[in-house]
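Each of the next two complexes has chain A plus one more chain, namely chain B in the first and chain C in the second.
Right after this comes the complex of A and B.
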């Protein structure tokens, strides 16, 4: 097996981890809350898209179905924040962690009750086709994943750096009260960021489903995405993507080079190593306060 | 409301504030100690399970509730205790020596794990411990020689001075159901752990823990050695969890890595949160809820299915979903957990009719970023 071939698969996987990690980071950046249900939102997004697109369900064309599912997930996440998460306003960060863990359980249960627990696959138009770069085979699905991720990340980056709304989101993260005094509708901002994060999760879910099967426990992949977000330094968008790529590349490499049994701990071991050496991640977002 | 007018320094040192409080706890103790005489075998087993969770919960409470360090990987230390216990017992070490050693082993591992954890805080710590838990899961499978790998191990029963403390051991027939010896053993360990914890909180060490939880900067300014006390908190917490793991090993008799999956760690954290962070009562309440909720759900499911004539139906994941829903309700309605609710009810009765609704109102707090330290 050519290591470069592994690299392509790794990068494509890494993009998906990176996108889920982006979802974490978005919410963290704007509300300082950590959403442990992000992986489950991704799973839900994949299932919703599948319902729209697959033949045995509603059989929409792929692109409209994809966009519709994104909107549905956006509305769902908005409502999630509006109905549940908002009640925790002002409570310690830890409470939201626990709450979202519990939410994850419930989402997994609902998905299992609706779509069943067997792995299912999304009917992806480009599945199975591939092109060659030298001796390396690149699937269209992999290229699609990489492309979509690159576009989405740059859009989000520009959104946070340039637009009024993006800057308002950053402000409400740094100090809710001060942001409120500046006329920022902090509550609505936090709902909006959840919607945005739900849409990102939906994209990640579709990309994941394009490459393989999904089942309700797919959401546990969120833990790996967590590792990615942490490696990148929670709160940094490029960092999340970089972390995702690192995790994605390490996984197949470890499977290839390390003895069996050791490979699956590689992503976590790398994450622990990063945390030990740089407790705030590679792209650290922590600044020392001057007294 | 009872007013404690202290006239003597010894009153400050008493375990119980007054004789009434003492009576309440005495009644609870008598009820717990006599459980084998009035509970069935199944329920007694569940109670034993609850007591094991109490011990583990007390351990986690030291860390999360009183030192403010979130751990999502405590199942790993449960595993350390369980497998150490297995190896010692199988090597022929008597239980009374093996049991503390198993706890100590987990404690030392915990203290070692604290060294990198010292630099982390908040969410980074939670995720690092989560990763640690996942890694330990795999390490258990890899260390086949010590842990039996995927197949797991079978642990021999406990013998103390020739008395069989096995989970299913009889004795005392026809008064008590099998397993009472093991139940009492767990009860004694849980009570000793509680007593130790209670005294710990009244000592300088416990106050240092609480100071670190409330504000690390102020604690340091007060002269608390943060590194030392955090390591100590990790060590103590893991010691208790290791003891619980050792008992869990005997409770399960045969076990493999699946007894210590990451879900168990998460469940432990949820347990102390539901119970009420920062209180010893919380660990007990949380363990009772966690231990008893599956039983209640099973009974209710049987009731409903027999009442509606559905036959024997199962929905996978229903238990977890109900559990999660209860948890969400708690966090939204009662952030202080069961103990918080209990305090409110008790105060209402003590002050009757003078209790005011706003007595427990929290100050409005606004979030400030953690990224500015």
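Right after this comes the complex of A and C.
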């Protein structure tokens, strides 16, 4: 089998891990807490899109349905922060961690109650179709995943580098107190970061659903994305994407080249190796806070 | 010396008293989980993990049936209380769950517990108390392992069904090079072993295998490996979502002539209904028939109507079918056991069952092997529906 064939699938999966990892990092940078429900937001985004797009539900055209679901997930995540997470402002970080783990359970339960536990497929217009580049078969869904990830990360880059709000978010993530003294509405910024993170997760969910099927336990993929964020360096947005790509590529390579049974531990072995050799991740941004 | 003798006497007396009290207690005790007005039934299930596609609707359908029975006055004046513990397909949580069900809820019997390693782990608690385990949601042969007395497997085992299906593939579909993709648990190993044994019996080569985690989502490398090894028929033991993704991925990488064979764990409506015909041509061997093709039969139609009205779902899936079928078998056994319900009278009642199960489309005939229904139906996905292509 052509290794480039493995590479195509790996990059497409890696993009999905990378987008979920981006969500982890966005929230971590803004609030210094880890949102362990990030994978479940991805799952929820996929189900919301399915509801808008699938024929048996609302039957919207794919692109408007996709964008509408992103907006819904943005509002949902904003409210999640505003109504629940903000109550823990000033509490130890582990409180938010525990809360988000609980949120994950609740979201899985809600998804199961609304959409059932059977795996369901998103009616993706290009499902099952592919094109050839030499001997390599590229699914349109894989091309879609890679393209959307490239566009989204470029937009995120421009947003953080060029817009007032993006710069305010960066400032807030570097030092909340200093940002607050500079007149940045830190609490509102935190809600907006959650909204952005929810929208990114919903894009990842749609990309995941386009490649197969979804069920309420799909969100458990978040664990792998967490490993990706750790590999990239938990504070770095490009690192999160790179970490996702590394895991995405390693998985099929390990399945193909490693003996059966060992391939499953490959992503976590890489994470361990990175933590030993570069404890702050490959793209670490380490700052010392002086008191 | 005198002190020692006194201590020994005291200990001997205490031990004798304890033994006597315990023995008297057992002799006089009522059957656990059974009162004049109620029978408590437990289930260890996956309501939130990778096999929730089976567990959640199965327990829901069983509960709906028990609700109907209870509304009509129960069985011999006893209503059925169904207590379900979610293990999320994690064995440690299953062990916690069975301890809670047996020791706190005091269940009379287990019903529809999901997962091979989870049931095996639970046997350590159930066997000690002689608590029946009826129609577990797994087709592993260990479901009727020794001591067999209180164990009842719902259908033919994964092993028998997959062997029969691979045999069919060799005879009818030209399969020569058999391979396996499986979760390396007791569940997956049953299917792997079936593939190996059937290939050996037919003097075919078992070419290659790959192992996977229950929540795995990427199969490109594994499929590349199997394609490179020259596999033409692959027995799969993956989650429902995993099976869909694996079959879709094979087609995506251009491996369109690969034939996939699943067990009852893959014989699921959701797999047949994937849009775009992605799963067309997938085979599965199971102990029951798909419901869609029998939806107009009176008994099936009546249940479909009541289930869809109660749940708001469009059509009962495979999990619901199994739950409803097992619940009816359980109720029929309670009826046959009579008013004096004990573990032994229940076992005798189970062994006496012999009827056509109109929901599962198989014959229930429980013999000494404690397998509730021994038939195997080989089905194939054609035009988005499961179609029976062979039986054993």
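One rule holds in what follows: the second predicted complex is superposed on the first by the 287 of 291 C-alpha atoms of A that agree within 3 Å, B and C clash if a C-alpha of one lies under 4 Å from a C-alpha of the other, contacts with A are read in each partner's own complex, and residues count from 1 in each chain.
As a working rule, a contact is a pair of C-beta atoms (placed from the backbone, for glycine too) under 8 Å apart; a residue touches a chain by one contact, two chains touch by 3 or more.
In this text the structure is predicted, and so the values were computed from the model without any measurement.
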Inset, instruction - Could you look at A:118 and tell me whether it touches chain B, chain C, both or neither (first, second, both, neither)? - result: second
Inset, instruction - Kindly classify A:79 by the partners it touches after superposition: chain B alone (first), chain C alone (second), both, or neither? - result: neither
Inset, instruction - Determine, under the contact definition given at the top, whether A:174 touches first (chain B), second (chain C), both, or neither. - result: first
Legend entry - Touched partner set for A:108, first chain B, second chain C, both or neither: both
Inset, instruction - Tell me which partner A:5 touches in the superposition: chain B (first), chain C (second), both or neither. - result: second
Inset, instruction - Identify the partner contact of A:208: answer first if only chain B is touched, second if only chain C is, both if each is, neither if none is. - result: second
Inset, instruction - Give one of first, second, both or neither to describe whether A:32 is in contact with chain B, with chain C, with both, or with none. - result: first
Inset, instruction - For A:227, select first, second, both or neither according to whether it touches chain B, chain C, the two together, or no partner. - result: first
Inset, instruction - Could you say whether A:143 touches chain B, chain C, both of them, or neither, answering first, second, both or neither? - result: neither
Legend entry - Contact residues of chain A, present in both the chain B and the chain C interface: 105, 108-109, 112, 117, 216, 261, 264
Legend entry - Partner chain C, residues of chain A touching it in the complex: 1, 5-6, 9-10, 13, 56, 105, 108-109, 112, 116-121, 123, 127-128, 130, 137, 139, 141-142, 208, 211-218, 220-221, 248, 251-257, 260-261, 263-264
Legend entry - Residue numbers on chain C that touch chain A, as the complex places them: 47-50, 52-53, 55-57, 184, 209-213, 215-222, 224-225, 227-228, 240-241, 244-245, 248-249, 251-254, 268-271, 273-278, 313-314, 317, 319
Legend entry - chain B partner contacts - residues on chain A that touch it in the complex: 28, 31-32, 34, 84, 87-88, 90-91, 93-95, 97-99, 101-106, 108-110, 112-113, 117, 173-177, 180, 216, 223, 226-227, 230, 234-235, 261-262, 264-265, 268-269, 271-272, 275-276, 279-281, 285-289
Legend entry - chain B residues within the chain A interface of the complex: 70, 116, 119-120, 122-124, 126-128, 130-132, 134-135, 138-139, 141-142, 262, 266, 269-270, 273, 315-318, 320-321, 323-325, 327-328, 331-332, 335, 364-373
